[in-house]
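In the two assemblies presented below, chain A is common to both, partnered first by chain B and then by chain C.
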Partner chain A sequence: MSLSLPRARPLPTTWRVHPGFVACVMASIRRTYAYRARFLLWLTRTMAQLYLLRMIWMSVYDGRDAVDGIPAGMLIVYLTVAMLQEFLIQPVIVFEIDQRIMRGTVATDIVRPIGFMWQMLGLELGGLLGRAPVLLLAVPVAMVVGSLTLPPTQEATIGYAASLVLAYGISVLVWMLVGLCSFWMTSIHGLRFLLFTVEGFLAGALVPLWFLPDTLRTVLALLPFQGMVFLPISIYIGQTTGGDILGALAVQLFWVVALSVVAVLVWRRARWKLVVQGG
Partner chain B sequence: MEERVVSMELTHTLAICWSLVRASVRGQMQYRTSFIMEVAAGLAYQSVGFLFVWAILSRFQALGGWTLEEIAMLYGIRLTAHGLYMLFFSNLFRIDDFVREGGYDRLLVRPLPALLQLMFTAVRVTVLGDLIGGVVILGAALARVDVVWTPAHALLLALAILGGALIDGAFQIGPAALTFRFLESWPLRVIFDDVFSRFGNYPTSILDRPARNVLTFIVPMAFMAYLPASTLLERETFLPLWVGWLAPAVGAVMFVLALWVFARASRGYQSSGH
Partner chain C sequence: MPLIRAEHLVKEYRRPKQAAGRFAALRTLFTRESVVTRAVDGVSFAIEEGEIVGYLGPNGAGKSTTIKMLAGILVPTDGACEVGGIVPWQHRSANAMQIGVVFGQRSQLWWDLPLGESLQLIGKMYRMDAERFRCQRDMLVELLDMTSFLQTPVRQLSLGQRMRGDLAAAVLYEPPVLFLDEPTVGLDVIAKERMRAFVEELNRERRTTVLLTTHDLDDVERLCKRIIIIDDGRVLFDGQAADLKRRYAPHRLLDVVVGGDATGDLRDVAAALPFGVTPVARDEMKATFQIDPEVIPVARVIADISARVPVVDLGVREPPLEGIIREIYEAREVAR
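Take a look at the complex of A and B:
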């Protein structure tokens, strides 16, 4: 009787995703559900914010049906969708990376079977998948506090779906770059807090960019943040139509590509720094 | 003879408090860059809040009938009041951890009332950002706003800021008492802080009636800035104009009530046993 070791089976070719990546995603999903109290708190605060925004905007509209061609109802839908979207695509790894560096666990992370950045992306994706069902609970509340309607046309729906994916990409990349700053700065708390604060305004979640003074609007058009809120939601409510939708998607795509290139370069530098200098 | 003893005790207490503050500040100044970043972040936070108001009012001329300068005054009063409260009580936000980890026991064996120690052992200098921001916005507003500055009005402004700080404090110290019973109170404290920071900078009149009544008569947020500011501007609200003068009284009553609740709850304190 011959003793033969079981033949090592190669990864099934149908399984194209690295199991290590899946593991990170699953861990992240599980973690989302550990923070139920935080979700409730988030929901309360966000709905309070939405309510205040609605009161402020209705107050400045002062009974008019529309201002600058934007109907009041449409504006409230904009604000509502912006809030819900912000919950869905909120960043995860901008809190992870600096912790792992501070604790030194990044040293074990980089010797794992998949790359550090792939692990981080897995965590991000897991966060998104974990939050998606939870988002459904927020929707009825949002409908009461704000106002929610479906996109007015099929074009708007499809355009928004594509734009949302790109918006998520931009968000992940921007926050990833902030997280990567941890390799050079002792503490990114200040930077992170600062960015969280201004991001909502810069992205057009508080004041849609149509209402801003021209100079400010031009400046914001040069930044990636508008691709995170203003561009997609403007498509959703049917304000951006036809060829303009493609234009918006092109702008978003540009940022995804540009930020990816920067991220890869920064990560290479960070990894070099980690390996050579020990972080 | 007795008065001398009492006044010496008071001076002694104040001296200890001052030493605690100096030690705390020295400690924080060790991390110079981090400190600067956090103050900058705090200031940026205030600026963005105000940037939002500016952006809206550059397109629309008034919010609820209030112009940019008038909202700035409202904003400035609220923020300065909040900064004033935070200057003394910013450390209160850590009370949950403190009590849970048995740190509170340490306070009890020291010769200073526990609440005073909580106030002064870790003065976060970064909260100066709130106070500075508030004063700057208020200063800019006062220069432009259309108010007749009589001595009475100047007094009202000062009292409004004091009253606002007291109301802010009442709705942090009062809920903090829950920590002695439940080992945590942060959700409630965070909610109150959120409501005041969010809604308190705007005229309460823009809210719909149920919300407006709750935030005036149940949780007196309207007394923090809106009502005194309306009195200063001689602007009609749903209440008589003189109500603005009640702000410091409302603040004092709420604050004393909160202190009483806190003291009462702390007597029922059972150490978690570290």
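Take a look at the complex of A and C:
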């Protein structure tokens, strides 16, 4: 019998969602509510961060109506949307992959009838769906308090909806890649913490990228992170309009495709390491 | 045709060579040299449907590596293996449908989900319909006595409870083949017994074929008619447990208990034994003799001893597997 490296399985001819994937999503939704304390902690953190950011920015504005052509009210909406969005799309996939490798359950996970990465994506999606209902509560509160308004135009609403989906895609892929690093690193805690800390800045969640020096902006424009916060929210507040919306979506789509290709290659390499070298 | 087949199965692990001295960690990272170790070195065996086979060997002998290759977790370096006509690593998910795996050291359950939900998730993954799932789950819950902790998150279960959950997860979808890698490790006597009874029942009712690795030879004595012993990645013995005893330890053990006033006589008996009989252990009231039945029939020894001391109780035993296996391992250590 000839033995070669494992080849990629051919794609299924009919695209039907595997019941195991749905089960992963459902289990993950239920689990979100099993950790209510952590859940509330996250929400509190989001609120506190929003409050502090607002204070800092108001002192920067110092009574002026606009800085660099950005009205104060618009900035507040920007920051509010950024925080709520961050709460919604924070990825669980990175913890999931890391834990399964640390505990060694990955060995049994990869011999399930449904692929390991599909299991992970199912859990990730379930986390998102589990957190989403909280926004039903948080969004009205934010609107009453006056820090959130709806997108100014229908164009902005539709553009933002599309952009948010792509932002989630980029976020999941970036964190999936960080998670996959655990196949090679003893611990990814350092890496995770580093990225977690700088991500908010690189993505424009703390400081909208308009306010940054040109050189830094040019660099950040070449990275995928702006697609996670800055691009979608610029559309939301009506700062990016018309054809520029399509341009922003195209940039995001590019990153989703590019990162997907990288993720598939890295996962193949990781699986090869697991099944050939024994992890 | 055998259900599980391994032919000249080889698994080599290649690891970067560990540098020594200054900046060792850094140099290891960039070194191109690697060290190759052969965990499994040309293992062949065939297992028929309905067998329970004990796969034994000291730590690091290659037991887990073999099981991982049969489960499709590892790709063999050389040789071939098949389970139910499927090459595990080539058709991982097809193979997954027909095998159940339990690694005693590592749980396959979802750490933060209640056990019941883990089972449900597994049922869905294996495309069980609701009716079949409920039927199987209820049966397993009853058989393994899991009602009290079915709703408890797995991280809060005791080891014995977790192992029961793991076993249920592995057989939920009725796989014809079950791989058990040290399923009783760390369990107390009662939990071990429950585990063995369950595997026995499964084998009897469903004709599940079981490949079992363990360091607890009571598991083997209880469950396995056939034993495969490996060390250093090679098969040392493959055959019936009874044959192993006949070959490596053909002797019988005779336990003799004497009456209260005859303790001194027991010493005299031990001092003058017929050829082919050696004392193994002795205290005031009780002695154990090892008899080689090729040299002297056991019945004659009993008659001889009974004539000399007032025997209260006696029993003839086969030598325990434990001692035989230990001798085989030790013999290998010396030869190396």
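As a convention for this text, the second predicted complex is superposed on the first by the 257 of 279 C-alpha atoms of A that agree within 3 Å, B and C clash if a C-alpha of one lies under 4 Å from a C-alpha of the other, contacts with A are read in each partner's own complex, and residues count from 1 in each chain.
Rule of thumb we're sticking to: a residue touches a chain if its C-beta (ideal position, glycine included) is under 8 Å from a C-beta of that chain, and two chains touch if they have at least 3 such contacts.
Keep in mind the model is a prediction, meaning the values are calculated, not measured.
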Clash or fit, chain B versus chain C on superposed chain A: fit
First (chain B), second (chain C), both or neither touched by A:139: neither
First (chain B), second (chain C), both or neither touched by A:150: neither
Partner chain(s) touched by A:158 [first = chain B, second = chain C, both, neither]: neither
Touching partner for A:258 - first (chain B), second (chain C), both, neither: neither
Partner chain(s) touched by A:223 [first = chain B, second = chain C, both, neither]: neither
First (chain B), second (chain C), both or neither touched by A:112: second
Which of chain B and chain C A:17 touches, first, second, both or neither: neither
After fitting on chain A: smallest Cα gap, chain B-chain C, Å: 9
Of all residues in chain C, those that touch chain A in their complex: 11, 13-15, 65, 68, 71-78, 80, 87, 89-90, 92-93, 95-97, 99, 101, 103, 105-108, 110-113, 117, 120-121, 124-127, 153
Of chain A, residues touching chain B in the complex: 37, 41, 44-45, 48-49, 51-52, 55-56, 58-60, 62, 67, 186-187, 189-191, 193-194, 197-198, 201, 206-207, 211-213, 216
Residues of chain B that touch chain A when the two form their complex: 33-34, 37-38, 40-41, 44-45, 48, 51-52, 55-56, 58-60, 62-64, 187, 190-191, 194-195, 198-199, 202, 206-208, 211
Touching residues on chain A, where the partner in the complex is chain C: 1, 3, 5-6, 9, 18-20, 22-24, 27, 30-31, 34-35, 99, 103-105, 107-115, 274-278
